[in-house]
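Structures for review follow.
First chain A sits with chain B, and in the next complex the same chain sits with chain C.
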Partner chain A sequence: MAIRRGRGVAAINYPTGMNLGGDPTQALVHSTPTGNFMVTLSSVDLGQGMKQIMAQICAETIGVPTDRVIIDTADTDTGPHCMGTFASRGTHRAGNAVIQAAKEARQVMLEVAAEELEVDASDLETDGHGNIVVKGAPQKSISIFDVALSAHFKRGRSISGRGMFLIPRSYPDKETGAMKPSTCYAHACTLVEVEVDDETGEVTVLTVKNVFEIGRALNPKMVEQQLVGGSWMGISHALYETTEPYYPSRDHGGTDFNQYLMPGPGDLAETEIIVLERPSADGPFGAKGPGEMCANPQIPAVANAVFDAVGVRVDTLPITPERILRALKAKAAG
Partner chain B sequence: MELRKDYFADVRKDGLNEIGQPRPRLDSPGHVTGQTAYFADRNFPGLLHLKMVRSPHHHARIRSIDTSEAEKHPGVVRVLTAKDVPHNVYTILILIQIGPEDETVLADGKVRWKGEAVVAVLAETERAAQEAAARVKVDYEVLPAVFDMDEALKPGAPIVNEYHGRNYYLYDSGECRKVRFGDVETGFGEADHILEQSYQSSPIEHAPTETTGCVVAPEGNDRFTCYTNTQAMFFTLDNTSIILQMPGSKLHFVGGTVGGGFGGKVDVIVEPIAILAAKLTGRPVSFIYSREEEMQISSPRAAEKVVIKDGVMKDGRIVARKVTGYTDAGAYSRHSPYGAQKGAAHYPGPYTIPNVWIDTYCVYTNRTPSSAMRGFGVTIGDFALEVQMDKLARLIGMDPLEFRFINAYRDGDMKAHRQPTEGAALIECMQEAARAANWPVAEKYMTMSSYRKGA
Partner chain C sequence: MAKVPVQFTLNGSEKAEFIESGTTLLHALRDKIGDTSPKGGCHQGTCGACSVIIDGELKLCCLTLAETCNGADIRTTAGLAQGGVLHPLQRAFLDAFATQCGFCTPGMIMAAKVLLDRTPNPSREDVVEALSGNICRCTGYEPIIQAVLLAARANSQNAA
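And now, the complex of A and B:
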């Protein structure tokens, strides 16, 4: 009886979006007289930070700092339609809609600024700090606050825009299965090191190295929070979780967090995240949807590492100590 | 976390003002100081609490329901049964013409899983609602149940759901969603080795911090505002409109920040019955799942069974892959027919294989209906595919990473569901992983690229 070490690898891809019934999201953008921009959506922030990302996308497109953008979302009286937050679609679909709306609003903003500065709108650019400047002559400028005031009170213009992003519905071919179920794909490769106690069947995950390719890290800190959390969830899925421990039997289902097992802080491995960015052709600034993908590769990587350590395959999730011991016993019995 | 900017630098424009910047989240201070408002923070004078009477049986006929004792219980305001629900038989994907309607809001004549909602009790306090729910008498005739997907698919198995009339979802392609690419039998005939293996998963729980729920307030003008933590506002509103036979203009849904979803909040379960209760009582209503309901009543991730048969050459090329996937939907469809279909499009994984055969089934059993969860239709498939890849590599005596490089998809490669590969990056992820872990890989693989000239 001994503690045995093993390592395993897995590589995966993951589709962005859910194109069974068409996959639309809309956005509206308008400026207030304060020179701030309001983005109106009906998308849901699940705690992952959707509002923050939409603010950064709008800010980059219009050319203002992120804190000048306010997100009003998840109200069906005010927000235009969104299919919902699922299928790794939020950033990609809503982000594209916000870009389109923000571009339209930016164009009106530049037209108003052009009238104030008596130049052509195509000669203007934003400095990213809240001002519109003449290209090549930055001393000639106007603040976006003043542009908003002018639009509202003098020029009679609405600095606003409409955005719509729709992936049309794809119907699978009955015979061949030809279909377009999603758009761009994110990628990952995960390497896991484990120790397995061949007397107790207990698995200790030592290290998890994840390489994720996500198109574009729109906000690297938020990318990190999602990818690390996903990696932990993958470990939990591989080794701990089930509502029906002896599926297909319905017995022994957990009803609270005392019975439903998940790893605690002491059970989490050293987790390394490396991010590659190959911008997608159709994503907002090249972003793909990594929200679901990041919790997948750890599961087979752990399974493969357990085999590498003790030479038995557990092809049923979760890979519990009981299943490992039963497999070891079966192997010993020949 | 490390951003490796040297990969794909030629196709990426860096140096933007806001994008790519690690801005602090504007909502974080509210979250960590407890000031963010969630749906359950809404409180209204006269708020009623809804509790469900649930089936103790996996499959049973309902002979009778007696609510008289519950109605007399102190604090009880109203008791709802199936006859109170205007359009009681529904299915959520009917919005995109994926039928048939196969599930009841409140059980009518039959229950098909342990935990199914039968009677809704509304009372002044949670305690009164809970106590009164225990006083509802339901007379059941227990029926044979089926839990195992293989058993469910056998001829003569008890029928789980009469609205389907068979224990699997009938696609326009037949008993399963199919993908056919190349000639898989010819591929097996040419292969040096054949490996067929079966993989199985169990249901798991989304385990959100905040359980599923909503608070409904009448606006006083036949219009109702529903504060909810659904993941999909209009999807829920539109389904509620159908179930309650109420114009969408009478419904106002307000979300906000949700305390974790992971796919567990895309079913439409709490909102319709809570809005109906508010309509029938004229009072605000709260219906919030307990942790036990969240774990055993709300949809889990489906259990899946995946059978993979591969033909592989000694030089590492996979020449044929046949996958049969089974998704355990439980008693009702919810999102599962789509999950199974998403799996069909995902196989054979990120590898270029000339001959592919995919069948994915959505199977009904007498268990808690499963539905969407993070990685829906893909996660368990990836577990099966990537363990299979490890087994194949060992079978032919090849390094598992090098084996994947040989088969990895690249730009322009045609996938089995007949979409050309675009924006591939599997090879680069594996190269970086090999470097990060000092995993020795032959130089020819470390210099490969997902790009192809002309693609």
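And now, the complex of A and C:
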């Protein structure tokens, strides 16, 4: 009986959003009378930062500072439709919808500014600080505040836009079966080192080294936050989390989340995160979905590391001490 | 059931309430007094989201009867910021990106405050131990540990 060390590696290609087409999300953008921009969504911020990312995307598209954008995700009954926040789809789906809506709103904003400045709208640009200026003649400008006031109280225009994201349904080719299940993939590779006690079946994760290719990181600190948390969740899925841990009798099983195991602050492996940015063709500013994706490669990597350490394949999650010991026993019995 | 009076100090202010005997401090704080910074997670003393400081000790207010708190000095996350300036721990949690959904954050900050009040220059192991009664589902804990260490460094620089 001994503590045995093993290493495992795994790589994943992870589709952003739901496969096979469809997967709609819609967005509405409108300006307030004072030139702030309201983005209305049904997409929910779970704490991953969707509101911040949508504000950045809207601000970048319209050409205003991020703090001029207000995100309203208050009500899925009354907001524009969204399929939901899951499958790493939020940034990609809602982001594309917000870009489309913000472009339409920007066009109206420029048209109103053009009337005020008595120039052609195509000669105007935003300075990113809340003003609209004539290209090549920045001394001729108007603030977006004044443009919004003009639209609301003088010109009778609604500075607003509609946006949506929808992928056409992909049907398999009748002859070959070939199809396009998804338009955007993120990628990841994880290497883990473990120690397995072959007497108790306990696994200690020593190091987790992850490389994530997530398109363009629209907010690098928040992407890192997702990846650090996600890497921990992957280890948690691999080794800890189940509503039905093995017990001889269901009577001894867990009854609520108090008996639902996750690694705590004392169980953390040394974790490394490397981000590669390969902008996606159809993502908002090149983004892909980093959320759910990043909690996946750790799981097969741990399974492979356990195999490397003690020579057994545990193919049921989580890889608990009981399952490892049963596999070792079966292996010894030949 | 007869109501019982309870009086204590909450973040420096005197509070007096009539409560049902058997009411938890969590219920009294959130639903009677209106301080919703302690969160009700498991209501069984497992998750730490309801952590508050009672007479300098870290306590789970979901397991504390309000009527046992007569005369106590109770501190919650809602009382940390002074004059619109965030407490160094709150600042550090922001700067270290140590919160995502935020549900565990008040309990984490209370646990960290008790640690730093007693151990101004904690080791990483000290921080891990201090946070071990608090569950986080989002961050993977490392950013929270780093935030507490950051707050400790900020405190010692201010003291120097």
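As a working rule, the second predicted complex is superposed on the first by the 292 of 334 C-alpha atoms of A that agree within 3 Å, B and C clash if a C-alpha of one lies under 4 Å from a C-alpha of the other, contacts with A are read in each partner's own complex, and residues count from 1 in each chain.
Rule of thumb we're sticking to: a contact is a pair of C-beta atoms (placed from the backbone, for glycine too) under 8 Å apart; a residue touches a chain by one contact, two chains touch by 3 or more.
Bear in mind that the values here come from a model prediction, so they are computed numbers and not experimental data.
When the two complexes are overlaid on their common chain A, residue A:222 makes contact with chain B and with chain C alike. For chain A, the partner that touches more of its residues is B, with chain B and chain C as the two candidates.
Of the two partner chains placed by the overlay, chain B and chain C both lie in contact with A:233. By the touch criterion defined above, A:87 lies against chain B but remains apart from chain C after alignment on the C-alpha atoms of chain A.
When the two complexes are overlaid on their common chain A, residue A:258 makes contact with chain C while staying clear of chain B. When the two complexes are overlaid on their common chain A, residue A:268 makes contact with chain C while staying clear of chain B. Contacts of A:46 after superposition on the shared chain: both chain B and chain C are touched. In the superposed model, A:317 makes contact with chain B only, not with chain C.
On chain A, the patch touched by chain B and the patch touched by chain C overlap at residues 46-47, 49, 221-222, 224, 228, 230, 233, 256-257, 262.
Here chain A touches chain B in the complex through residues 7-15, 18, 20-22, 42, 44-47, 49, 51-52, 55-57, 59-60, 63, 65-67, 73-77, 79, 81-87, 128, 169, 172, 174-182, 184-185, 187-191, 209, 211-213, 215-224, 227-228, 230, 233, 237, 241-245, 247-250, 253-257, 260, 262, 272-281, 285-286, 288, 291-293, 295-297, 299-301, 303-304, 307, 313, 315-318, going by the rule given at the top. Residues of chain A that touch chain C in their complex: 46-49, 221-222, 224-225, 228-233, 256-258, 262, 264-266, 268, 271.
Within the complex formed with chain A, the residues of chain C that make contact are 42, 44, 46, 97, 99-102, 127-129, 131-132, 135, 137-145.
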